[in-house]
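Note that the chains are named A, B, C and D in the order they appear, and that numbering of residues resets to 1 at the start of each chain.
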Amino acid sequence: MLLDDEIEMYGRMAVALNIIEGCREFAAMIPEVRTNLVYARPNAGKREDVLGIDGRITVVNGLPHAAGKPRFGASSHMARLLVEIGKTDASIRAGIDFANDPHLAKWLEDYCRSRNWVFSVIDRRNEPEEIKEAEGASMPWKVAAAISAAGGRVPKIVYETGAVGKEPVSVLVGRDTIIVAEEICEVERLYHGRR
Amino acid sequence: MLLDDEIEMYGRMAVALNIIEGCREFAAMIPEVRTNLVYARPNAGKREDVLGIDGRITVVNGLPHAAGKPRFGASSHMARLLVEIGKTDASIRAGIDFANDPHLAKWLEDYCRSRNWVFSVIDRRNEPEEIKEAEGASMPWKVAAAISAAGGRVPKIVYETGAVGKEPVSVLVGRDTIIVAEEICEVERLYHGRR
Amino acid sequence: MLLDDEIEMYGRMAVALNIIEGCREFAAMIPEVRTNLVYARPNAGKREDVLGIDGRITVVNGLPHAAGKPRFGASSHMARLLVEIGKTDASIRAGIDFANDPHLAKWLEDYCRSRNWVFSVIDRRNEPEEIKEAEGASMPWKVAAAISAAGGRVPKIVYETGAVGKEPVSVLVGRDTIIVAEEICEVERLYHGRR
Amino acid sequence: MLLDDEIEMYGRMAVALNIIEGCREFAAMIPEVRTNLVYARPNAGKREDVLGIDGRITVVNGLPHAAGKPRFGASSHMARLLVEIGKTDASIRAGIDFANDPHLAKWLEDYCRSRNWVFSVIDRRNEPEEIKEAEGASMPWKVAAAISAAGGRVPKIVYETGAVGKEPVSVLVGRDTIIVAEEICEVERLYHGRR
């Protein structure tokens, strides 16, 4: 028997995907590793508690395009990020990742200030070697670093620098997948319109 | 601003589609005109009030496959059916069509009796010429004929015979799109398992 | 080992599909039973010798959209049509079906005359009862009727009236799937531009 | 007017994609940045001369899945690789990238020796800073490094180590997209079967 909660999650994901797929500007910000949009159950403890897009979101015909359908367990990286963040702030249940570069990072920092959002940078060059080498240890370190850099709060946007073998990506998180989709599209439209 | 009702409708459609796309038996019952799964807002009055599958449900690789995504206004025929039925019984908000033939019709009649469901037949050869020729008049006539044949109640399943230029299709309706998806898959599994 | 012939057939189908999917006008002419675009091997004798679109071509977002990929054996009805026509004229290896109505039929007749194309009508009300009832007998009867109505030649376009349980559809055939795709798109553009 | 050459290229890509999408083992080797399968015109000089998969190849339902259709100009990175390689050996017209790691690299080196294939390693830590910073300079440097490491020949497989912000990927190249698809699937099956 399906819980009402799951139905609502699928519904919010469908609406959020419609927003993302209709946002042409977002196509320019999809990183090489592609984007995932994730939405966690309350108190999610593992990957299977998180709804993600099977095959991630890619660019087809110049528009963002979900390769597959939303499915619990479809995301690994972004799901673990949400699970880890939830240990500090259980109200954060959704997130999306996007391409960045130093120019965008500078602009985002100003934008976050104007919206009173917490912005945080993770410099992966600071990641200890023993963390890099231990399976599954990077994510707790990264989330702890981002929260620590933000004075103990979960940041709204995290800018992560690249590392050896790792493309730099940023993440925007929030309470709800629809809100996250609307916020990232507004960010992209403002950033592109600026030029 | 999205109403909670719309989010719930998208959620129920996503879950219902997962059920249909996972039901291999249903592929054998998709008619030449393909299938639509529709879900109407409460008190739907027009096509745009009804969520349907853009491009309908077809068969790809032997499995049911939604050609596009759920979208309000995506269905014409099935949407008008629900709007018309809603005038008699507002609790009926979902429906799906499927291929039939005289053998299935006979089996369905018995199955409906066993489940205490109302079964009705529309013989389109009885459709008056003036109805056939008037734009948009066929659907009210068909729904009235089905309800009249069922003694004034909205039937659970309607078996519609073919007519000139019209493939025969049956329709199963219900309160909710998830329930309708589960019911039609159970019908298909029982009918196929029987052979 | 793949024959060069098969590679060329897949290549021509890909190019033909790009033409069809880029022809917005064609969306208005896709019948309820959807369209298939088919391409037969030389001297095709059975369904598996004919390349067709898995799940047929439907309308998504207002544009023609192939539900699946080209696959040998994916088509039944249109494949049998080509096999049957090939018995009279082996140079005819491709075809596409499309919605029609008496107005289009009249316009098509004039258009065919202007292009020196053979146009033929099959009135399915003339189909003998014993043919209707015999499994697999309709297609040979239809093709023979169309060729006979055209004085022994294979027509370029066949307009088929509806019958009980059968939507009326027309078919355009030719030597090659790219040519057929270009010709049907030109037909649609001229017919729609006319209004 | 389409050249016969283009039709043949689309045909070979369709066949090659069928091979890749049917190779379950390959799903495990699709890197985070996803895979592209590319096929260059003879003497390709720019991105638009190279057929690639729009949206690249991702994993959906555990199987390799092309996000969009083959399109000239759809690939950037892999297209530039082929253009660069073509300057040394014009017979190399197809390629595919895949995930690697030190274990696979060791195995690949032995496998290449057994097949008499040239295997080459690019250590991106050796990339000069002025190359990294100059737009578009990395690819010529990488291809030159791979060819130089292979004693002046174009290698069959190149193993590229990661760098800051760059996921390590390997590339297999060949004369023809069908051959490349068959070869990479054989590699994956042998490597996975070994365990």
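In the analysis below, a contact is a pair of C-beta atoms (placed from the backbone, for glycine too) under 8 Å apart; a residue touches a chain by one contact, two chains touch by 3 or more.
Values in this document were obtained by computation on a predicted structure and should not be read as measured data.
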item: Smallest number of contact steps required from chain B to reach chain D; value: 2
item: Pair joined by the larger number of C-beta contacts - B-C, C-D; value: B-C
item: Chain copies touching (chain A, chain D) - same or different residues, decided at half shared; value: same
item: Approximate Å spacing (C-alpha centroids) for the pair chain C, chain D; value: 39
item: CA centroid of chain B to CA centroid of chain C, Å; value: 29
item: Touching two or more other chains - residue numbers and ranges from chain A; value: none
item: Pairs of chains found to touch, sorted by chain label; value: A-B, A-D, B-C, C-D
item: Chain A residues touching chain B - in the complex, by the definition given at the top; value: 2, 6-15, 18, 69-70, 178
item: Residue ranges of chain C touching chain B (in the complex, touch as defined); value: 32-34, 54-56, 58-61, 65, 67-68, 162-168
